[in-house]
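To start, the structure under review is shown below, and the notes come after it.
Labels A, B, C and D are assigned to the chains in the order they are written; within every chain, residues are numbered from 1.
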Amino acid sequence: MRGEAGLPPVDMSVKVGPLALPSPVLVGSGTFGFGEEYAPYCDLARLGAIVTKAVTLRPREGNPGPRIWETAAGMLNAIGLQNPGLERFLAEKLPPLVAAGHVVIVNIAGHDVEEYVKLAGALDAAKGVAAIEVNVSCPNVSRGGIEFGRDPAVLGELVRAVRGATRLPLIVKLSPNVSDIVPLAAAAMEAGADALSLINTLLGMAIDARQRRPRLANVTGGLSGPAIKPVALRMVWQVWQALRPPIIGMGGIMTGEDAAEFMLAGAAAVAVGTANFVDPTSASRVAAELEDFCRGQRINHVSELTGGLQV
Amino acid sequence: MPHISARLTWNEEIGPGHHLMAAHAPQIAAAARPGQFLHVRVGPTHDPLLRRPFSVLRVDEASGQVWLLVKVVGRGTRLLAGMAPGAVLDVMGPLGCGFPEPPPGEEVALVAGGCGVAPLIFWADRIQTTFSHIRVVSILGAATEDVMVCWLDLAARSDEFYATTEDGSAGERGLASDALRGLLARRNFAAVYACGPRGMLKVCAELARGAGVPCFVAVEEAMACGVGACLGCVVPAAGGGYLRVCSDGPVFAAEALDWEALAT
Amino acid sequence: MRGEAGLPPVDMSVKVGPLALPSPVLVGSGTFGFGEEYAPYCDLARLGAIVTKAVTLRPREGNPGPRIWETAAGMLNAIGLQNPGLERFLAEKLPPLVAAGHVVIVNIAGHDVEEYVKLAGALDAAKGVAAIEVNVSCPNVSRGGIEFGRDPAVLGELVRAVRGATRLPLIVKLSPNVSDIVPLAAAAMEAGADALSLINTLLGMAIDARQRRPRLANVTGGLSGPAIKPVALRMVWQVWQALRPPIIGMGGIMTGEDAAEFMLAGAAAVAVGTANFVDPTSASRVAAELEDFCRGQRINHVSELTGGLQV
Amino acid sequence: MPHISARLTWNEEIGPGHHLMAAHAPQIAAAARPGQFLHVRVGPTHDPLLRRPFSVLRVDEASGQVWLLVKVVGRGTRLLAGMAPGAVLDVMGPLGCGFPEPPPGEEVALVAGGCGVAPLIFWADRIQTTFSHIRVVSILGAATEDVMVCWLDLAARSDEFYATTEDGSAGERGLASDALRGLLARRNFAAVYACGPRGMLKVCAELARGAGVPCFVAVEEAMACGVGACLGCVVPAAGGGYLRVCSDGPVFAAEALDWEALAT
């Protein structure tokens, strides 16, 4: 239906807190590398922003393999934050993205508050970073983020510290592995977050019954993909109902209609993650399909969808 | 590395659970190099979710066809092997790096285990056409005679061909690596190229190193993206850290890998 | 491979705490009615026990429709504990099951501790109840079990009270919608539970983007099926690692090999839930496949699988 | 209520997105009564997960065939409609209760909306063979002419036949319920049997009640088990509480349902 005669164009620009984006469709951290791998397949110009793989202060090797395993309508991953580290990120990965004109959101992860603060400070000083996404939920590194994301007080402390280190828009990416997501969302917002990303992966596990061994060398891993969409939608809706914060929704988005569902539940923008692996054109396709969806529904501005669920 | 819809033109069960399949994909047929793979969707729904990687067995540039050998091992390969000619496949590829050019020398050894024969057929073919001064000595190992598929395709593209089976039902009784051991003792290969189970690759790598011959292995690992973005498909690198099978490989110089860590 | 010549028979009997069962394969509460509907399809004699739909003190109408929605490799349900109530259960539903010789485990749910205690007392006095499964996690009834299952202290209090009301084996069925399942498992066991059922459904949601309405009248519902298997396996394994209690594992079991995976992770028995809807022979088929699996793996007693994962 | 594998013998697109399909299932053909449904798996993997219910359109006991009308509305029906003859369907059925015997009287009205025509064809057929003293007066409503499928099958089994379309492209312009209104005013039906969208069913129920004629409706609701175990497929009952479409229905006496609650 795109370009159908007589129908007005859809305004796809959105605001996620202080962050103005040309499109509500982003990519999920860790599912799009640093952008370069998908450039041959996906029209990056259609994306609201490119969210990088988690960057840590020092380079990380990541976990041994096997690191991934397919599950029913989903996949487990235990990459273990493999990344070249802050220095090489700033020198090698960031400049080409900025030069190409992309909005770049940098996902960061650390072992302790100090590391997060250093990362945020360095990115604040760098050229071309549009926002920082704080990963407080990566379930794969034993001393990693997961504790931050499970306790409102601990989370608040972290976010307050990072907030003090940067004037960039601050997005906090929450873990879904909690009893109640709302107090964590509230703690992050009160501590100065500008927006929330919901959700990171669910902690899961797979077993090779014949070998009697876990499928992942790390034993457990993060579950993503269509399998988790119902949980992700529920959390976005719960947080939206309680707090009305700016939300970037994600978890199993495969189509433009999936994206619309997240926006109706309360998301201001969405991210396409695992879908990129299934169809390398996913991110731009979802953006195009969302635009078509709006056109079909006589919606002039995509942001009208946000929180539009009738309950 | 296009992402295309390719019509299936051939699907023949050439051995128990082994399917020879062809698809019409002229771009891929023109671009593919031996050792590269295609990343294929095996169903239209969210289950199975991820693509499956398969080596290119052969291309026919004139007719625009690409050939694959698919061994049924799980539900993805079962779905793929069940597709009828006429079905449309969603294919990414060719992906990954291919086999590196043979170093100077007179002959090279190709060692295939089971399905590992697929990329080596393509490689043998390419060596014969592009590096025609080089003699191809091939070894194909399989568990038994009935799963020794495509041996004729490899033999026809080799100057010498040896077959081994574990039960002796065809060729020599033993492993492909046993045959390589014997040949390495007598011959002076410019390189060894191997594709097959990890245990076999490890032995080939050791034997080649012992003989001072460069060795290149094509490695398998479960993949998500297939393009280097997810870091899911890694194998341990010799110097520490990890290499991506999909984009740093699937062909690696044997000395680039940490075989100790890989074998576990 | 069943009945393959020369292979010894597999002993399928298991003990789940004090409860001796002829087979480790049960059915998930609420997915098998009160047994009668599946009798034409499924060989009930192959099952370790029939676990009933939740029984409440008084009859419950349940939630308005739509009550179910299919999701990727899963389904959402918000049945809302529809059941005929304790009295009619004892008069009409229990006797035929007992007469047919089945091991019957009765799943109970209540609004408050007192209701649970009354239910447990009445079942203790009834003939033919093999065990009670306490549902502390049904996410569908606003005043229902969910609070019990989220706080170790509250859960402990409930289990202690129910423990005081019956000498029957007591199984506590935990909710997966928690930050850490281990303290809840520990609280239940310390309060006198004989075994744990893991897991109930994950709280989820689905949206009709075109109508802008939730797919379920209840807005949210419980996610079950293959989609949640990785989460369920992980929780069984975590609880087994920490406490080694008798566990009934469930969540997306479709095949005998799935059942073996749960047992390897630590389950003494398993339950087949959503699979019954997909294939009405599932429960007995899973039992047969599990037996075949054991035979193929040269396992003489199925309970050898329990906790056999090599990490 | 067997659970069987049935080979697909026919799949014809008889209108845009409307497929007439047949499967070889002698047990079902022998057992099915009009108004009952089959519960069908639409794919071999976990996605889509649940079965899909379809009314029996017709059975041919001699050849052991069962006919269905499948309208493509989502991914499950798309997968089903894409299956080729020869494919094997996993089918449960016949399930649910059928239409109740006509009360004493001379003629009955059958009101079908869209795909709701399927069970009424079977019912008209059965009335003609089993209750041959009863005249069948049928109304078939559709949005437009091209989606007015199977009208001939219904007309051939009716003593009188009326068609309506919303745009007037075939038959009378209007709704099937408009036609029923007219007929009820002039005629004395022993019963009204209706199958179609809920809005249509509600109007039919109201009209029949107004005319003092017993009315039976075949209702649709999303299902999981199909056998009464999951309590997923309920509709509100007149006296409060809920009824299961799969096992208390899908055919209900109109007065058994709470139409107020149902419509929302």
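Points to keep in mind about this one:
We adopt the following convention: a contact is a pair of C-beta atoms (placed from the backbone, for glycine too) under 8 Å apart; a residue touches a chain by one contact, two chains touch by 3 or more.
Not measured: the values here are computed from a predicted model.
Contact with both subunit B and subunit C is made by A, D. Listed here as common contacts of subunit B and subunit D: A, C.
The greatest centre-to-centre distance from subunit C, using averaged C-alpha positions, is reached by B. Centre-to-centre separation of subunit A and subunit C, using mean CA positions: 34 Å.
Centroids of subunit A and subunit D (each the mean of its C-alpha atoms) stand 46 Å apart. Annotation for subunit C: residues 72-74, 225-227 touch two or more other chains. Counting partner chains per residue, subunit D shows two or more touched chains at residues 46-48. Taken as a contact graph, the chains are fully connected, with every chain touching every other chain.
In the complex of the two chains, the subunit A residues touching subunit D come out as 72-73, 226.
Listing the residues of subunit B that touch subunit C in their complex gives 46-47. Per the touch definition, subunit D reaches subunit C in the complex via residues 1, 3, 41, 46-51, 90, 92, 221-236, 240-242, 247, 261. The part of subunit A that touches subunit C in the complex is made up of residues 71-74, 76, 150, 177-180, 202-207, 209-210, 212-214, 219-220, 223, 225-231, 233-234, 237, 252, 257, 260-261, 264-265, 293, 297, 308-311. The touching residues of subunit B, when paired with subunit D in their complex, are 43-48, 75, 79.
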